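One chain, chain A, links the two complexes that follow: it is found with chain B in the first and with chain C in the second.
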Partner chain A sequence: MRWGLEDVDVRRGRNVALAGVTVPADPSRITVVIGGDGAGKSTCLEALTGLLEPAAGAVYRPAKERIGYVPATAGLYADLTVQENLGFSADAYRLSGRERSRKAAEILDRTGLSGARRRLGGQLSGGMQRKLAVGLALLHSPELLVLDEPTTGVDPVSRVELWRLIGQAAAAGTAVVVTTTYVNEAARAATVILLEAGKVLASGTPDDILSGVPGAVGRAAGAGRPTPLSWRRGRSWRVWAPAGRLPDGVQPVQPDFDDAVVIAALAGEGG
Partner chain B sequence: MWAMVVKEFRELRRDHRTVAMMIVLPVVLLVVFGYAANFKVHDIPTAVFGPGARQAAALLRPPTFRVTQVDTAAGESAARVQLRDGQAVVAVVTGGGGPLVLLDGTQLFSVETAETALASAVPTAAPGSPSPREQILFNPDLTTSWVMVPGLAGLILVFIGTLITSLGVVRERQSGTLEQLAVMPFRAWDVIAGKIAPYLMVAAVDLVLVIVIGMSVFHVPFAGNVAVFALGAALFLLVTLGMGVLISTVSQNQGQAIQLAFMILLPQVLLSGLIFPVSSMAAGVRWISYILPLTYFIQISRGVMLKAVPISALGEPLGLLAVLAVVVLGLAVIRFRRDLAPAGRTKQARAVARAGEPAAA
Partner chain C sequence: MAALAEARGASRRFGAFTAVSGADLAVTRGEVVGLLGANGAGKTTLVRLLLGLLRPSDGAVLLFGAAPSVSSRRRVGYVPQTLGLYAGLTVAENWAFTATAFGNSGAPVAAGIAAWRNELAGSLPLGVQRQVAFAVALSHHPELLILDEPTSGVGPLRGARLWDDIRQSADQGAGVLVTTHNMEEAEQCDRLVVMAGGRVVARGTAAEIIGDRTVAQVRCDDTTRAFALLDAGHLPVQAHGTTLRVGAPAAAVSGLLARGGVDATIEVVPANLEEAFVAMVAGQEAA
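Right, the complex of A and B next:
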């Protein structure tokens, strides 16, 4: 791997926040770290960007000038206009002259915020704020783009637009690490890290994770939960049989990526 | 309603700072201010000069007077220097046509107390001796605003420097931009200096405004050197801005910053000598005055504006303000750096020692 975490441990007081976590980040590839609340997703990014120091392991990151970062709180100035926010980032990364104007115009165009350049950051909608934040992080063409749940709480249209921006960054050669709680977003990644309680439950390409599903998966109808290792999918239930023997009345199905993520989580719980 | 009461108490129980502010702070302030707020002035620093200095000194009895110097050789000019430099509040010059009592008009309560005590002391002197002449220097009419404006200017600067600065930094933390600044290619010092500089400029403009209004509306004189005053103000501002940054490093939100700032602001009002003379405070609380930057700024501002004290006589307050500035700003920078550049600050840097390098082949 070019950038990323390698076998990293992070402790917060006496608690272990991350244990032996590896998150690769390679140019032109998107790595998605997926997990529930408190899984350690943000901690991974804090270790990657240098906001906290690991107790063990290795962190590979470019110089600060080559990192673009968007924290979970969006991290833009609510009392500055869109244009002024861009100006501040351009100053911080020492962009000047023609490059500065060209980059700012390009970001405004790509984020669809050209018409809102005079609006205050705090007056933008949640989705627009997120797009601006990602745009600010991309302004200096970073080698490593680190985004902490950029689509959480964002409407579906803005989510699509945000993923378009992220995809464009990767296509331009940037190594991208994104955290999310949405399984469908993880399916877009080149590499997926499934995190739970600070430990990696599964990692690899979505296909790797899918092909690594142990046992059998089936579909069951009915109102009641068929087995403890089952979960709702639309109107029916998915049932996982780790040993490969599905209960009677459960119809075998080919698991998809959503199923694979849930099964990895269940397996991590000791299922 | 009961549910709301229970909920509020539960929240309050977990908010230790607010509980401290509501219960502990009033008790502490009552005790401290009770000892500090003292209209009855005693231990007035007094110097006596001239051939009859020893006899005169014997009449100036404690607890009202504390004779700090008796010099039979020196005269009126030495007495004036003592008052100007703040070494004494009362100076008695003997010899000639009768004793001359010089009083420092910038010390309102001390002068009033001294006048009363002197009036009762004179009849006990030798009958037929000439009655003393009295002269109040620097503020002949004992105008309150002349004394208050230089001190209030300092108080306003404490307010801006400490409260507004701390809110500015905490706002960055709350909005998540501080986290982002830490990842940007800034040095910790760049961020601190960049944060402080605008407040420093605004505070400087405020200071000029307050002084100009004080001079034009309240006719407060500015007798001394502007450069000396500016030096004292700059050092004082650095301390207050440092306190603001320091507060922000231990506050998670603006509410906490306001609480802490007020805990620092309140003692400065009563313990800095703004209203009550420091020398009259009980010894148990007087030491607090000596660690408050406003105490030293008031000495400088009143000294320069009203008494034209030269820089040579302000070495102590200027020096102590400089020490406070170094200590407070140093602590602020150290704590702020922990927020901005945690990686590499401890001996566990091993994990990031290879940062920036590509993975080993």
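Right, the complex of A and C next:
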């Protein structure tokens, strides 16, 4: 791996926030870290960007000014206009002259915010704010782009536009690390890391994770839970048999990515 | 079967702005209906109409077969996205507060959340808070449940367990209306009602809503270059693992790639729900 975390431990007081976590980040590739509230996603990004020092393990990152980072709750100034936000970031990154105006125009075009350049950041819709924040982080063409839940709470149209921005950054050679709570966003990644309670449950390409599902998966109808290792998919049940033997009446199915994620979590919980 | 909640050609205007226009929606016992729409599509206004918190400007709204009222709202359980818990009260106190409000004082805390009874609601992880809010909303045995993005942000296993709870309520006869813009949640519902710009623009199962929409799936050695070419050609391209998906005709995709000297395999594959939804909403805005 070019950039990323290697076998990193992070402690917060007595608590272990991350234990042996590896998150690779390579040029032109998108790494997605997926997990729920409290899984340790933000901590990974703070370790990656140098905001906190791990207790163990290695962190590979470019010089600070070659990183673009958007935390989950900020990334722009609400009291500045879109244009002023761009100007502020350009100053911070010491862009000047032709490069400065060229990049600002490019970001306005890519984010679809050209018509909103005089609006205050705080007055933009949630989706527009996220697009602006990602745009600001891309202003200096970083080698490593780090985005903490850029699409949480954002509506589907803005979400697709954000992923287009992220895809463009990767296509331009940037290494991208994105966190999300949405399982279906993992399918967009070249590399997926499933994180739960500070530990990696599974990692690899989406195909690796799918083909790594141990045992057998089946589908059952009816109201009663077929086995303890069962969960709902719409009206029917999904049943996981770690040893490969499904109970009678359970029809085998090819697991999809949603199944693989739940199974990894169940396996992690079982220890 | 009579609907638990029903909108018939319901519209709601605020001054010159029409938030909901001629919407039809019904939720019956035992089913989970997804109300899917982008921000500002009219989902919240429609829910407020169903609850009787707003009156329709046109059309009719029925809750348990009659105009919504305070007494019929007692038969509804509602969990907003903000959960409606008191962060500074314990789980048991939150439970007792809601039970008392619904005339159920003294009801024992549900077994599923009893382990956290003495914890402050605000100190619990989001997934547990969602589980608590759901149990509290069920404390008065509502016949209709209205849930706003019930599993957002909680991680795969906790999300699966929340769906177990939601399905169990439906199996026991409740009707469930889930408002969401999250495709994973939408895919868990029995059927969907899709709103855009205040109107219902599609309804049916996820498969019916996707219909025969397709995207072009691109496989090649240099997806980075292929992405850049398709993006520069203004085609709606999205990276998907080691492939690209493009909401455009295969001929347009192959033409651009061939002119750029990229050798690629292009396959026309069924769209997913998100792609269908985005195409539908974009079409609505263009119309």
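Assume the second predicted complex is superposed on the first by the 269 of 271 C-alpha atoms of A that agree within 3 Å, B and C clash if a C-alpha of one lies under 4 Å from a C-alpha of the other, contacts with A are read in each partner's own complex, and residues count from 1 in each chain.
The criterion applied here is as follows: a residue touches a chain if its C-beta (ideal position, glycine included) is under 8 Å from a C-beta of that chain, and two chains touch if they have at least 3 such contacts.
The structure displayed is predicted, hence computed values, not measured ones.
Undergrad: Taking chain A as the common reference for superposition, should the pair chain B and chain C be classed as clashing or as fitting?
TA: Overlaying the two complexes on chain A (C-alpha atoms) leaves chain C and chain B fitting together cleanly.
Undergrad: Figure out whether A:Ala243 sits in contact with chain B (first) or chain C (second), or with both, or with neither.
TA: Neither: A:Ala243 stays clear of chain B and chain C.
Undergrad: In the overlaid three-chain picture, which partner chain does A:Thr49 touch, first (chain B) or second (chain C), both, or neither?
TA: Once the two structures are laid over each other on A, A:Thr49 reaches chain B alone.
Undergrad: A:Arg61 contacts which: chain B (first), chain C (second), both, neither?
TA: first
Undergrad: Determine how wide the angle is at the CA centre of chain A between the CA centres of chain C and chain B, giving a multiple of 10 degrees.
TA: It works out to roughly 100 degrees.
Undergrad: Applying the touch criterion given at the start, work out whether A:Glu6 contacts chain B, chain C, both or neither, answering first, second, both or neither.
TA: In the superposed model, A:Glu6 contacts chain B only, not chain C.
Undergrad: By residue count, which of the two partners contacts chain A more extensively, chain B or chain C?
TA: Looking at chain A, the partner in contact with more of its residues is C.
Undergrad: Examine A:Gly75 and indicate which partner it touches, taking first as chain B and second as chain C; both and neither are also allowed.
TA: Only chain B is touched by A:Gly75; chain C is not.
Undergrad: In the superposed model, how near does chain B get to chain C, counting Cα atoms only, in Å?
TA: Minimum C-alpha separation, chain B to chain C, in the superposed model is 5 Å.
Undergrad: Could you give the residue numbers on chain A that contact chain B in one complex and chain C in the other?
TA: Shared contact residues on chain A: none.
Undergrad: Could you please specify the touching residues of chain A with respect to chain C in the complex?
TA: For this pair, the touching residues of chain A are 28, 30, 34-39, 125-127, 152-153, 155-160, 163-164, 166-168, 170-173, 181-184, 187-190, 194, 196, 205-207, 223, 225, 231-235, 258, 261-262, 264-266, 269.
Undergrad: Tell me, which parts of chain B touch chain A in their complex?
TA: Residues 175-177, 179-180, 182-186, 341-346, 348-352, 354-359.
Undergrad: Could you list, by residue number, the parts of chain A that touch chain B in their complex?
TA: Spelled out, the residues of chain A in touch with chain B are 1-2, 4, 6, 8, 49-65, 67, 69-78, 92-94, 146.
Undergrad: For chain C, which residues are in contact with chain A within the complex?
TA: Contacts found on chain C: 38-39, 125-127, 152-161, 163-164, 167, 171, 181-184, 187-190, 224-225, 227-228, 231, 236-242, 272, 274, 277-278, 281-282.
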